[in-house]
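To start, I am sharing the structure in question, which I have written as structure tokens.
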Amino acid sequence: MLRADRVRVELNGRMILKDVTCYLERREIMLIAGPNGSGKSTLLKCIMGLMESKGRVFLDNVEITHLKPSERFKMGITLAPERLRVAKNLTVEENVSISGDFQEALEIFPELGPLAKKKAGKLSGGERQMVVLARALISKPKYLLLDEPFQGLHKDLRVRVVNMIYNLSKKCGVVVVTHDELDEIFLMSDKTCILVGGEVLYFGDSEGAEQLMREMFM
Amino acid sequence: MLQLIDVSKVYNGNVVLRGINFELESGFAGIYGPNGSGKSTMLKIIAGIEKPDCGRILFEGEDIAGKTPEEVARMGITIVYQIPRPFKNMSVIENVATPFILRVSYREAMESAMEICEFVGLKNKVNLKAGLLSQGELRLLEIGRALAAQPKLMLLDEPFSGLDVENAKRVRRILRKIKREGVDAIVTAHRMKLLRDIVDVSYEMRGGKIAEG
Amino acid sequence: MISALLTAIFLSFFASAVILNYKIGRLLNLSFASIFTLGAYIYFSFNPTSALLLALIFGGIMGAIVSAATRKLSVAEATIISLGFSIAIEESLRFLYRTSYYQVMETNYVELFGEVVSIHEMLNGAMIVLLFLAFAAIPLSRRGFELKFVEDDWELAEMYGVDTSRIRFLTISISSSFICLSGAVLAPTQSLFPSMGWSSMVIAVIIAAIAALAGNAGLRKYGLTIPIAIAYTAVLRWLL
Amino acid sequence: MKKDFAIILALLLLPLLLRSSFIVSVATMAVVYSILSLSWFFMEKEAGWTSLVHSIPFGIAAYALAINPVLIIPAFLLSLLLFTALSLSGREKFVFTSFITAIVFWYFSHYITLSVNGGVVGGEEGFSFLSIGLWESYLLSSSMLLLFFTSFALIRKSGLGLKIEAVRDDEFAARSIGINAFKIRIVSFAISVFTATVAGVCYLLYFGHVSPEIFSVEIVLLPFVASLIAGNRWASPIIGSYIIVVVSRAFSGILPETHLLIYAAVLMLSPKLKRWWGASAY
């Protein structure tokens, strides 16, 4: 179980997250929804340890609050960050092989093959997102945190990624943050956490969130 | 009054806008569409923050495509950013007074700023540092500051994003008031539903193309 | 000509250390100026062999302290702190050694390509070349790939299991230790005073800035410091 | 703000009451450095640029006056141009581009020479000028300090102040409400550089002599250290300058470089001090 317990972030006197508590089991998908600026990405960064925060984070009942991001990674948490984050001056192959074998990445996204020696900074949005996702997937995480995984992807690729997330949830826990095109992810998610202005508006089974989600987003 | 003719924009190989043709004579125009469809880019191009790769933008008959943001702002186009950008170490009233300073004296600016603060409902927070406001209040502050520039045309980039129901209602009320005052605006949003009762005409944007709908 | 070449190699070594610290440590490490001076003073306080060893150790310790003091700060703040360290070391030296040293080494001269060069200078040059090569070898090593990643986007590297704080610590300590050693090696040919390191520091920063402008990728920017340093010394010789 | 003004007035009046030339000589030095620190503080706090190059407008002004008073205007313009050019590297990098420039300038300042009547003057020795006397220069520099302090207070409560602060907080947002950010940047630099120039003039009129030491690291760092040592109020740079001058005078017999140790300590602790005083970092 990956559990964030009363996570709180304050920046320049302003609360970005107010005592957020949520958890998911392995083999579950959790959707984190909410408008822009409601603290979704910040929550993922706190779980990964990239941001200073109050509150505690547990992984399979072990407290990991004081571990560095690199140590959390080695324990099985992987974050695929938002905004198509790639190391711009490194090649695609180098970008991916930080977390595993490039050949495995090719099995997931064969499109990356011809781009292997290209600088990641010169890729288009969709290609960059493939690099981001491939890099996260081949690290074989126990819990995978996906921040806006559909950004920059075309329709058919989007469908592929949705299927990929579904298959992944057979062996690991997946957290998906998105505020767009919610339908498909929402329907297959087990849990939903809705954040507004840094506060949890709803956390629990996705069935219970349906009414609220329809009101807010769909 | 505003006219976009064949405006295109490409970002490292990605076509964001493909040949946009758009015209606004007066009133509120709404543009809705999913993320990444080019709504924000279009507003940024009108505001002079981004340069279009080709095409012309006519505002009151003048081509503003090559102008800097401050020149465009002085002609009467003001943008409200999607993610609020307040002057965070200044008080709320100073934030709102800053655009007035370009036209009137310090004292008059402060008085007019007070009126605007009242208008957007921040009257009891005027002396607070802007950095300490909540997300909803920041949006109101942004709108107030944009109004203080006395624009002919306001560009509102997703004014309802990041807001809870209560604050969204406040923003909606203020937008209606602005409309009554006779300011024209282009408003973007995720979904048409959010815009339906405030805009005169709505457009849909998808994959960098715009269509009336 | 040859001595100018040796100066150029020293400068590009210094500049590479500056770039490495800037890219990985995220600070303009101004403490190098005094760490260099520290090395030179150590050389005069001990016998040559132990001085070299002590310079390596002291430089490493100073680097470690600087690195610990500048953790998790913005570039500007970290730079200002390193400047504080630089002044602190400089003033401590001024306090400990009330006088300046100047020593001309008695040395043999050899003729090389029609030019008279002192043997000592040659030895120094060789040492500095070795240090420079050691620097250049870091990006080629097993850790080199991680280093490259940290240079480009340290946060990304951190979330993919690279311990960036350790890499940062090691980079600053090792480069400080090398700078201190180079101070000890070059001491016999220099006049010593507490602020002697500043001239090299400033030139190195300028060279580093030009090299960083020209190329952003891996080894190339370190290699680029060599021609720039050579051009610099050539211009200087022509001017004076 | 009123409290700050009272503190400064008290600091300035005290030596007049004590009527001791020694105290006045120390106080004059402190006041001259206070003007310099105040000009720096204006740029840091109001305009948001942390400069380590204020020794240049300060020193060039003194040099210009010593060589030929007409040169003051080009000296001012040259400093302003330099500041503007350095600011193109951005706020974060400005700290070290300005520092490196200041150091390079210090080296070159040793070669500023003039040939007068067949002889060469300047260089390491510097230039001499008339000193206007102790009491006169104290009155001159303290009235300058008061003048600048009040005008800065007025600027902050004016339209120009609002514009400068807006550009400091978010240059882009300021531009999109019609403020010409670059022009405002230059205006704020001009205010700061002008103040530093006046400080340089007061310096020369008091000491009657200027040498390359005026460009040294000590002068470069003085405003930074002075402003950080005594809080984050508008009186802080002035109180800080007094502290530094008094301390270095008091210890000059025992350890001539004491103030440099203070500098080192303040620099090393600067982020802590900033947080302590509640100053936001730009």
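By letter and in written order, the chains are A, B, C and D; residue numbering begins at 1 in each of them.
Keep in mind that, in the parts below, contacts are C-beta pairs under 8 Å (C-beta built on N, C-alpha and C of every residue); 3 or more make two chains touch, one makes a residue touch a chain.
Since this is a predicted model, take the numbers as computed values, not measurements.
Asks: Go through the assembly and pull out the chains touching subunit A as well as subunit B.
Replies: none
Asks: Quick one: which chains contact subunit C and subunit D both?
Replies: A chain counts here if it touches both subunit C and subunit D, and no chain qualifies.
Asks: Which chain pair is joined by more contacting C-beta pairs, A-C or B-D?
Replies: Top pair by contacting C-beta pairs is B-D.
Asks: Would you mind checking which chain's C-alpha centre is most distant from the centre of subunit A?
Replies: D
Asks: Between subunit A and subunit D, tell me the centre distance in angstrom, where each centre is the average of that chain's C-alpha atoms.
Replies: Going by mean C-alpha positions, subunit A sits 50 Å from subunit D.
Asks: Just the number, please: Cα centre separation of subunit A and subunit C in whole Å.
Replies: For subunit A versus subunit C, the centre distance works out to 42 Å.
Asks: Where in subunit A do residues touch at least two different other chains?
Replies: Residue numbers touching two or more other chains: 12.
Asks: By residue number and range, which residues of subunit D touch two or more other chains?
Replies: 280
Asks: For subunit B, give me the residues that contact two or more of the other chains.
Replies: Answer for subunit B, listing residues that touch two or more other chains: 88.
Asks: Using the contact rule from the top, write out all pairs of chains that touch.
Replies: Per the contact definition above, the touching pairs are A-B, A-C, B-D, C-D.
Asks: Quick one: in the complex, what on subunit A touches subunit B?
Replies: Checking each residue of subunit A against subunit B gives 12-14, 35-38, 122-125, 151-152, 179-181, 196-197, 201, 217.
Asks: For the complex, which residues does subunit A have touching subunit C?
Replies: On the subunit A side, the touching residues are 48, 50, 68-71, 73-74, 78-79, 81, 85-90, 94, 97-99, 135, 139.
Asks: Could you pull out which subunit D residues touch subunit C in their complex?
Replies: Against subunit C, subunit D makes touches at 50, 92-93, 95-96, 99-100, 103-104, 107, 217, 221, 224, 255, 257, 260-261, 263-271, 281.
Asks: For the complex, which residues does subunit C have touching subunit D?
Replies: On the subunit C side, the touching residues are 28, 30, 69, 73-77, 79-81, 83-85, 87-88, 90-91, 94-95, 198-199, 202, 205-206.
Asks: So in the complex, which bits of subunit D are touching subunit B?
Replies: Subunit D residues touching subunit B: 157-159, 162-163, 165-166, 168-170, 172-181, 280.
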